[in-house]
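Both complexes below contain chain A, partnered by chain B and then by chain C.
And then the complex of A and B:
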């Protein structure tokens, strides 16, 4: 039975909006122009490839359902209380094959020695073998060569698949004048890495396991959705606030401007972590006192996520609002606005027809730039303890969990390292992409290009 | 005298190979002025920047040599080049407001140059600063030296720039449109200053300009640039007497003035071709009416005639053609004859339209009386009003049906504010604006909207007046939608087609975006937008000041023919007196929010009475350049927040007396249509014979 959580609905809404925007832009040559420029940049296209892989994982993880149980209750199908996603289904072994506790990446044994009772009654202090990781090996001595063999064959298979994709996509890319070489190389490298990881993950815990024995690779992949949702759904809240208030303040000036400016100056002078903490704690109390609102634990965690987005959105619209106000102040003195005023065009129409389209590039740039900041903000908030629900997998909760183990000897480093690595790749790719987008929309750079 | 700068075969291009400056050679003799003349986008500024090696990223010099005072510029190390810039060769730029550092005082900026190039520091440098500022004619130099750029006026800033340039005692001064951003009276001051400095120091001047008048006043040698090439090079006298290249001839013919009042101007059709679009043939061929097949096939070579005048045109290449050239030139003066064939690009039959010069009996369409627009100055925590900026201070005027009233004045005199106040875009403080007998001030928003269709505005900058995100059809439709004209969509589209025909644009252009059009075409769209609601009065706010001369002529022709066809009235706001002569029936001269003189165009321009009008007229650089006695205006326009007591013009007037400082002069009639506000024409004063010198 498909389940649509609140955040899922918002993601679908965003997706629809994105597709609608893309379709709208495709129809209009002058809007398409800066995107063509983006498409010609090798950095932008490679980072877009990386980001879209993350997006794919996030989207697959958004299609939720409840599995039907085999037993029936008086003819009615009974559904499992556990809400799963399509992504969970795809990587079922990663999800279900949990160990007892910590194990290092690609290890065949647990990380700490345990007392094992031998069949002959003797108690041996030894690293116990893992239940799943490297379980196919009879001889642990052969572990290195097995990893090497699996890694190589996996990479090779990935490379082949990558080549196949490249051959199909090559002509299509060449037609559009996109950076062919960079994209091909990136595709091959990414395909090889995915192939290698997939092959190894079938038999080992590639990134180790955490305290309760969950696969860290699985946790990292699941965290992507949380990060993406925080990064994108928040903009749904910020955007109308910033756009409406910013443009209104800039266009009408006077009292309207005073009030709006007062609101956002006050809001941005309150320490945002305090504000968020207060709001999250209030929300948590409300959720805890009304358990009857939620039929599954997933929906409870999800609602908390949505509320976190809401709160982040309410506290982070001020920057964009200020930018838009400034731009509108400049635009309202433009002669085409005055020409419209001379026709007696109504203010609302001037706002929507003349000013809004001319500030959209700023909105776009700042949204793409804010995205990475929000992903990082989630990690920080979860670390502080006011972020997402503890049962929800996110980069923040992963870091929070790993934090305590950093002090132990020998150190458990892999949970933190993988959260760090995944976040770095996602945020770096998003930032690089945002940079190119900003350059493509920058009128000053365009001008030199036109003269040039 | 030897050559101070010798440039040969200079090529500057983009990284992708498109040439901005294509094989330019010229030389400048010591103490002389060489003017590079051309429309925007011809590569004039890039030539100057190439010489000083200040090219922006993405633009590179690809060939050629340049010797400045015997030193090969392109062979120098960057460190040595730095000694040349500001030392042997200095540069002044177009926008004085942007070329001074706002956080350094005028003195500090000059001292920086002195320190770098003269090794002068401390007290000596300070003293030299004051000397230099004195030299460029800044009054009270010792005090100005300690002031910041924001405390100086535009003309003053340009003087400081010149003082900075002079600080290094350059042998060559490169002036890139030094007066384009300034008012005529200030322009006259700055040009005079440049000439005086040149005489005193013997430096050479490379003057870059688009203004034929400035060339006629300043240059010894002239190079006419078109699309990256010098198409003609001659001495000033030669060029003015006998322009050879068709492009130069057309530039002269495109200048508006009163002698062509009843004929269309010879506009050059089309616009400058985009960079690198023409690789073969003459670059002007597409716009040239004397072009033949050879012109588009073979690139013309540089031909030097016997008298040293050089030209790049097939007309002059062989002997037979030269004979033709002589024939053309034999008229001595530029004659309009050979441009009559020029396609003025509008649908009207121009020949007939212009003949009926006298319109039918004028009835007053717009009547403005005692209009005031004040902006309060607020200060303090409570935002109390502590003063008023009197932008428009008691203006009365009337415009009859089908006539053009020109409103002339320097920037800051309130003419644009007046235009917007008439449209009720800025609420007037007091007074009355009656349109066809109906009072506009104090109308409710809904009633005002009904009146909107009768009056429309054409703005100055065609790049800022069209929304870049809307297509032409949407732009034209907007007014009709807002005012509920042509409610049915098919009728609207038909109306848009008619409008595009009227302004001389192709019907297919309605599905395109503004950025696809050139400046002149954009201005046509802006005019079509105003016409979309069938107004009776168009307020044109400097509609041609952002355009090149050749395109300006196209737009002026269009405006004139539209007036004939639709019996439109124009309020033409401008600072360009040549345009006024060509277009206007009546003229109002505005100074500091008030009209100081008004009358018919002939009265005001031929026999100006007010000293300000006289000064304004004499400041305009003219091609004939002779016989006009200069009246130099001292200082700048005073602030409208704090106008001088008595006559506003008194502090700058050369005929000032006690009465002027005491009271504002009342209106004095010179004739039935000619009114002037000046004490010189009060009855009492008339007897003393203190009339100002009449202009010849």
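And then the complex of A and C:
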């Protein structure tokens, strides 16, 4: 039975809006032009490739359902209370093969010694073998060669698959003047890494396991969705607020401007972490006092995520609003606006037809620039205790859980390293892409780069 | 200028009232004092009596905004909103849930916060500006490209990583300084070095890149060409002309945060166990102590507004053309 959580619905809405925008832009050559410039940049396209992979994982993880249980209750199908996603289904072994507790990446034994009772009654202090990691090995001496063999064959298989994709995509790409070589190399590298990981993950815990024995690779992949949702759904709140209020303040000036300026000065004068903390604290109390609103724990955690996006959006629209107000103040004095006013075009039409399209580049730039900041903010907020629900898998909760294990001997570093690593790749790719987008769309910046 | 400043200060009053109303709405309208009492008392031993008692103890047993039972001005003043907010305007923050004076806590914790935040800010500013100037000097070369790439890489790393990684490498592997802790006076030096360095490195990427953009924008202007035409060396142009003229955009971003340094940094202080305002705030958030969080929100916005006014004043100092009126 498909389940649509609140955040899923918002993601679908966002996806639909994105596709609609893309279709609209495709029809119009002048809007397409800056995007062509983006497409010619090797860095941008490679980072876009990386980001799209993350997006793919996030989207697969967004298609939720409740599995039907095998036994039937008086003819009616009973559904499991556990909400799963298509992504969970794809990586079922990763999800279900949990160990007892910590184990290092690619290990075959737990990380700490335990007393094991031998068949002859003797008790031995030994590193116990893992239930799943490397369970196919009869001789642990062969572990290294097995890993090497698996890694190499996996990488080779990945390379072959990557070559196949590249051959198919090549002709299609060549016509468009896209950076062929960079994309080709990136595809091959990514395909090899994926192939290697997939092959190894079938027999080992590639990134180790955490305190309760869950596979860290699985946790990291699941965290992607949370990060992406925080980075994107927040814009659903920011955008209408900033766009409407910013343009209105700039265009009508006077009283309207005073009121809007007052609102955003008040909001922006509160340090944002504190405002977020205050709002999240309140939300927590509300959620705790109304347990009857949520039928599953997943829906509670999910609603908390949506509220977090809402709060982040409400606290972060002021910057964009100020920019838009300034730009509108400038635009409304332009000749073409004055001409429209002289012709008696209604204000609403001037706003939508003449001003809105001309501030869109600011909106776009600030959206792509904000994304990475929001992904990073999630981790910090979760650490402060005002982030996502503790039961929700996210980079923040991963870091929070692993942080205290740094003091252990031997050190448990893998959960922390994976969370930071995945976050770095995602944020770096997003930053590089955002930079190119900004360069392509910002007319002012282009000029200075040329002079320099 | 005095009249202008006075007007700005007066303008701050409605904004602070707005901030107060907003936090008040967040804290008391979304959740009634009853809910809060239930949260604070725990789930188990909640009786209507104990809720009433808790509310009375903490002064929440009054109407929210308007007291119809009272007469005259008491109608407005004998309410939770007035009781809890009016004092803040004269910097009287009341008491936290565990009965301590918030004002005194703030006064004693400001020192440690400043001890971290001020050096971080100063060293950081010098580093970022020098790094940016260096990139500007070598603009459009491989060195500049590498610098920008490094900046993008540095700003893509989570701030938590710098703290955790720094503590691990410097304190645990190299045993150079203690992992966390705080001590007043000169003995405390070893405790504050690491937080300061990490705080500085944490924003080296974004800040340096931002300053670089500012400098590049300035360097494209006509006066720079004139200065070069006069035969000035590139270094002299950069330091004597570009740096000075870039002051206005730099000040816009920098002066605002100076008063906010008093607030300390949430993350750094809680990771390094510094008894400053940042860790105070985090503790209050974790303990769900609303009066402390409200006080900190108010203090934060007050300092922010002070920062805005200071920014305006600083303009007149660096640029004689700016007149405040």
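Everything that follows uses one rule, which is that the second predicted complex is superposed on the first by the 443 of 452 C-alpha atoms of A that agree within 3 Å, B and C clash if a C-alpha of one lies under 4 Å from a C-alpha of the other, contacts with A are read in each partner's own complex, and residues count from 1 in each chain.
Following the convention adopted for this analysis, a residue touches a chain if its C-beta (ideal position, glycine included) is under 8 Å from a C-beta of that chain, and two chains touch if they have at least 3 such contacts.
Note that the structure is a prediction, hence the values are computed from the model and not measured.
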> Is A:17 in contact with chain B, with chain C, with both, or with neither (first, second, both, neither)?
Replying inline: neither
>> If we overlay the two complexes on their shared chain A, which of chain B and chain C does A:354 touch? Say first, second, both or neither.
In response: first
> If you stack the two complexes on chain A, which partner ends up touching A:212: first (chain B), second (chain C), both, or neither?
Replying inline: neither
> Is A:164 contacted by the first partner chain B, the second partner chain C, both or neither?
Replying inline: neither
> Where does A:9 make contact in the superposed view: on chain B (first), on chain C (second), on both, or on neither?
Replying inline: neither
>> A:286 in the overlay: touching chain B, chain C, both, or neither? Say first, second, both or neither.
In response: second
>> Under the stated touch criterion, name the partner, chain B or chain C, that contacts more residues in chain A.
In response: C
> So, A:423: does it touch chain B (first), chain C (second), both, or neither?
Replying inline: second
>> Need the overlap of the two footprints on chain A, from chain B and from chain C, as residue ranges.
In response: 448-449, 451-452
> Which bits of chain A are touching chain C when the two form their complex?
Replying inline: 262-263, 265-271, 273-275, 277-279, 281-286, 288-289, 372, 376, 379-380, 383-386, 395, 399, 403, 406, 416, 420, 423-424, 427-428, 431-432, 435, 447-449, 451-452
>> Taking the touch rule as given, give the residues of chain A at its contact with chain B in the complex, in rising order.
In response: 29-30, 334-336, 338-346, 349, 353-354, 357-358, 448-449, 451-452
> Can you name the residues of chain C that touch chain A in the complex?
Replying inline: 14-15, 18-19, 22-23, 26-27, 30-31, 35-36, 38-39, 139-140, 152-153, 155-161, 164, 167-168, 172, 216-217, 219-220, 260, 263, 266-267, 270, 281-282, 285-286, 288, 290, 293-294, 296-297, 300-301, 304-305
> Can you name the residues of chain B that touch chain A in the complex?
Replying inline: 14-16, 20, 56-59, 420, 423, 425, 448-449, 452, 455-457, 459-461, 464-470, 478-479, 482-483, 513, 515, 526, 529-530, 533
